[in-house]
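Some notes on the structure that comes next.
Order of writing sets the chain letters: A, B, C and D. Residues in each chain are counted from 1.
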Amino acid sequence: MSVQELEKIFLSKIEQEIKIEPKDWMPDAYRKTLVRQISQHAHSEIVGMLPEGNWISRAPSLKRKAILLAKVQDEAGHGLYLYSAAETLGTTREQTINDLHSGKAKYSSIFNYPTLTWGDIGAIGWLVDGAAILNQVMLCRTSYGPYARAMVRICKEESFHQRQGFDILLALSKGTAEQRAMCQDSINRWWWPSLMMFGPHDSESTHSEQSTQWKIKRMSNDELRQKFVDMIAEQVKVLNMTLPDPHLKWNEQAKHYDFGEINWTEFWNVVKGNGPCNKQRLDARRKAWDEGAWVREAASVYAEKRKARQEKQIA
Amino acid sequence: MSVQELEKIFLSKIEQEIKIEPKDWMPDAYRKTLVRQISQHAHSEIVGMLPEGNWISRAPSLKRKAILLAKVQDEAGHGLYLYSAAETLGTTREQTINDLHSGKAKYSSIFNYPTLTWGDIGAIGWLVDGAAILNQVMLCRTSYGPYARAMVRICKEESFHQRQGFDILLALSKGTAEQRAMCQDSINRWWWPSLMMFGPHDSESTHSEQSTQWKIKRMSNDELRQKFVDMIAEQVKVLNMTLPDPHLKWNEQAKHYDFGEINWTEFWNVVKGNGPCNKQRLDARRKAWDEGAWVREAASVYAEKRKARQEKQIA
Amino acid sequence: MTNEITYNYTLHLADNALILAQRNSEWCGHGPVLEQDIAITNISLDLIGQARSLYQYAAELINGSGSPASEGKQAASEDTLAYLRDSREYKNCLLAEQPNGDWAQTILRQFFFSTYQFLLYQRLQQSPDATLAAIAEKSLKEVTYHVRWSSEWVIRLGDGTEESHDRLLNALDELWMFTGELFMPAGYELEAAKAGIGVDVSTLKTEWEQRVNEIFAEATIPTSGREGGWMQSGGKEGVHTEQLGFILAELQSMQRAYPGSEW
Amino acid sequence: MTNEITYNYTLHLADNALILAQRNSEWCGHGPVLEQDIAITNISLDLIGQARSLYQYAAELINGSGSPASEGKQAASEDTLAYLRDSREYKNCLLAEQPNGDWAQTILRQFFFSTYQFLLYQRLQQSPDATLAAIAEKSLKEVTYHVRWSSEWVIRLGDGTEESHDRLLNALDELWMFTGELFMPAGYELEAAKAGIGVDVSTLKTEWEQRVNEIFAEATIPTSGREGGWMQSGGKEGVHTEQLGFILAELQSMQRAYPGSEW
């Protein structure tokens, strides 16, 4: 079959909402876009373990400690699913990880902000996971099968995480004056970065159009962002807290919340590597990887030895 | 002059209380004894920095933090005086330090006990420095000049330390129930090890007799220990605390306090290397030394470069 | 009286679990392989779960005791017990508080501890104290996995590369002296054993050594030459290494800074 | 109002000194050479002394202010200010809280900070606030020594061995991004400068760069190529790196665990 014919089949599958599977023919650009996006997503899970991991040793109750630990562990699990999904497209986990460590691959910029108080753990769960879920729910219907299926598994756990984050803030909001201040302070610091998670405005977004056509993405950045604002602006009332945006206001006509302009200079600056923790996060990941080299080597040498012994026994 | 004649002069100096100086002839065994004792003493100052250093970051007030930091710094200074005194006998600081790190040279066993509470910082000042001072006061009159002079400088600072240690415990003794318990607990744990600091009973002490003859030592282990018990048994009353010895009792006839038998099994065990912190202390010293190697090398290479440049300028 | 023995005994079991969980959790996000990051975190979670059940039981005991210790204070809970006792009141064994070191040291610490805990819980299942017996039974499934996982890693490292073998030997050098304490009963352990509630840990030693030696043999680690070596102790009676104070400063920082708050 | 500005400004100066002192003091007993162990400890001591004077002054200000913040609370003191504020209330610059790293990193951090502090205190001597002026004057003698000592070490490491040169470059890579904040005035600094009490730190930048470049030139470290690099900030306004929480957990552990006690 000619490339034209293959492409036609591919596009008709997309059209008919038939998932593309690893062995199917797919355009190179589709494959590349997916590899980029899935590995970026995987890296976000892995790097995302660090800001929250920062509070495991200091969680203020045993119950919260256990919940947090389980949550960070879930993120590692999500990383695994996604590295596997990326592998179905012909990249190895090692390659993917090397791209992270060399700075070639990106991860969600939100994780370049520091967790300064326990309230931040709540805010990450509520706002950051909340924003992530909207994206992930959409991706459950993405056109590439293994990615969509990974997303289904991830979404289930993620919405659980969001509720846990909200629950942390709820406890703070009902607590002492110091706790309520901690709650508001965390919301203040995480609100804008979480809005940035949806990426640039649709008008500025480089990859969006093609991705939408291929049904990798099924909603635009601005659509998702609006959905998020509408959701959070309601939930924040339950906390008796406010969002740090003087322009936030219900628009009766549009049936949406209006909100202020994002500081895009900050956004691009953090993407470029100048966030408060970019260096620290990458250094931590590289250190874990480098210091684990002898462990991985030992495991693989042992596995070979064992295999050789078993083969000898059989022979 | 024959060795016999030299030895006669040496002994007559000792007899007449004339200090032996570095360039004077001295018996090999005298030199060896001094090198062993002075470097052991130096090492005790250096290793002794560790248990107290352990509480610098956690000192409960800024004033106490400053005092503790200054104290540990003084110990480093004492180490310096003593390494210098040892150098006058023909050993280098590096050799001496290597002997510590290889386990060949000893240091005071007391520093192999852990500092578990802030009270321990008080107890070390009061009991450990208190015991050390009695020894050091005696050594101010030791027969070897440089050692005696180092001791004079050290003694001044050391008695200051002891008062500071007592002052920590005094504050605890006047404090809350928790603080009083902390005070008594520290005394309980440090009392017996501080008695052990004076070494084995005179009847068991291997080096004592010769050292006394040469006026390196001027009081026996048991004499010094008795002096210490008499002193502390009085001071503890000011704290409204007790010493953990049911046999402690004023003996009106002897005009001394009687006290119980020391657990010599524990003493020898710790000397042999089995104290709670022997490994930890040596590991910490070795680590500091090994990780500092590149710093010392850089400093010496730079000094040479600089010297070479200066010589070139002069030429 | 029996109550107080059980209280102390239960605290000891809880402290062991919590402190080792706290140590293991330092790996979370920093493990050598993602799968193992997950595995060690899982063990942490199991241990925190055990600690919580045990602290809850200890809190019940002390709250119900009407003892002087419980008067005029806020009611005990899993959190007051974990977050408001100082290092001299903690009863965990020294092994649990030792630093993570490298992966070999973490693995070996886990292997030593889990093998011990397995034997202990196996016996504790038969305790006439129904709560302790139930916790032991429930935990035993988890611990069985911890033993298997850590054994496999001991073998893998011991029989892996020269470097991993050396690192395991080094870990052994760091940790062996803390294994003896596991089998030297503290006062409350002896009394709990006498009262029939607890296990006489000294009786577990032989089987522990056998199991350790079996795995060591497979890991090509010498199984002899360590007899008679000095063993550190004191942790169970509250005399710890200098490590614990720092662990607790971090662990307890929030509860200490914001006393009496709900989280 | 002026009072509150001075209070915040003084706390900022105090926090800088305390946090750097706390970091430096981690070396005590672990230095690469005994003489330098003493020297770095000495700098720590000087900085704690400065911090104490400044906190005492801040306490005076707040106790005398009758402000709502002071009502119903225990009177402020050097210790309440150091031990009972949390990390979001700490106003030190990010540079001060960075980890010690190796000796090169500690040296470079000190060199950057002391050079800054020297220029700052020189100007602060002229403050109409007599207390701040007196503290600056007294501290300046100490800081002059800190600058000399750290400069000598920068030169020694830069122009020493290849390894020490590389380590210094690595330290530069770690720390440079925290130097910009020194010269970006926080709100209270601007107001203190406007009120004539404090120093407008932005005016110190050029001379600081000159002095740094002079020493770098002697140390054979490139003096250019770092222009326009991104600078981290936030510490002075209480938005710190993740380091500070851990520093404070340890620093404050005793006061938090035993509230209201005298030591």
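FYI, a residue touches a chain if its C-beta (ideal position, glycine included) is under 8 Å from a C-beta of that chain, and two chains touch if they have at least 3 such contacts.
The structure displayed is predicted, hence computed values, not measured ones.
K.L.:
If you walk from chain to touching chain, how few steps can bring you from chain B to chain D?
P.N.:
1
K.L.:
Quick check: more C-beta contact pairs in B-C or A-C?
P.N.:
Between the two chain pairs, A-C has more contacting C-beta pairs.
K.L.:
Based only on mean CA positions, could you tell me how far chain A sits from chain D in angstrom?
P.N.:
One centre to the other, that is 37 Å.
K.L.:
Could you put a whole-Å number on the gap between the CA centroids of chain A and chain B?
P.N.:
It comes to 58 Å between the two C-alpha centres.
K.L.:
Considering chain D alone, which of its residues make contact with at least two other chains?
P.N.:
86, 249-250, 253
K.L.:
Which residue numbers or ranges of chain A touch two or more of the other chains?
P.N.:
58
K.L.:
Can you tell me, using the touch rule above, whether these chains form a line, ring, star, complete graph or other shape?
P.N.:
other
K.L.:
Which two-chain combinations touch?
P.N.:
Final set of chain pairs in contact is A-C, A-D, B-C, B-D, C-D.
K.L.:
Residues of chain C touching chain D in their complex?
P.N.:
Residues 86, 246, 248-250, 252-253, 256-257, 259 of chain C touch chain D in their complex.
K.L.:
Quick one: which bits of chain B touch chain C in the complex? Just the residue numbers, please.
P.N.:
Going by the criterion above, the answer is residues 51, 54, 58, 114-117, 185, 189, 269, 272-274, 276-277, 279-280.
K.L.:
Hey, which residues of chain D end up touching chain A in the complex?
P.N.:
Residue list for chain D touching chain A: 86-88, 177, 230, 232, 234, 239-242, 245, 249.
K.L.:
Mind listing the chain C positions that touch chain A in their complex?
P.N.:
Spelled out, the residues of chain C in touch with chain A are 18, 22, 25-26, 28-38, 41-42, 44-45, 48-49, 51-52, 55, 78-79, 82-83, 102-103, 155-157, 159-161, 163-164, 167, 250-251, 253-255, 258, 261-263.
K.L.:
Give every residue of chain B touching chain D within the complex, in rising order.
P.N.:
It is residues 46, 49-50, 53, 56-66, 69-70, 72-73, 76-77, 79-80, 83, 118, 168, 171-172, 174-176, 178-179, 284, 287-289, 291-299, 301-302, 305 of chain B that touch chain D.
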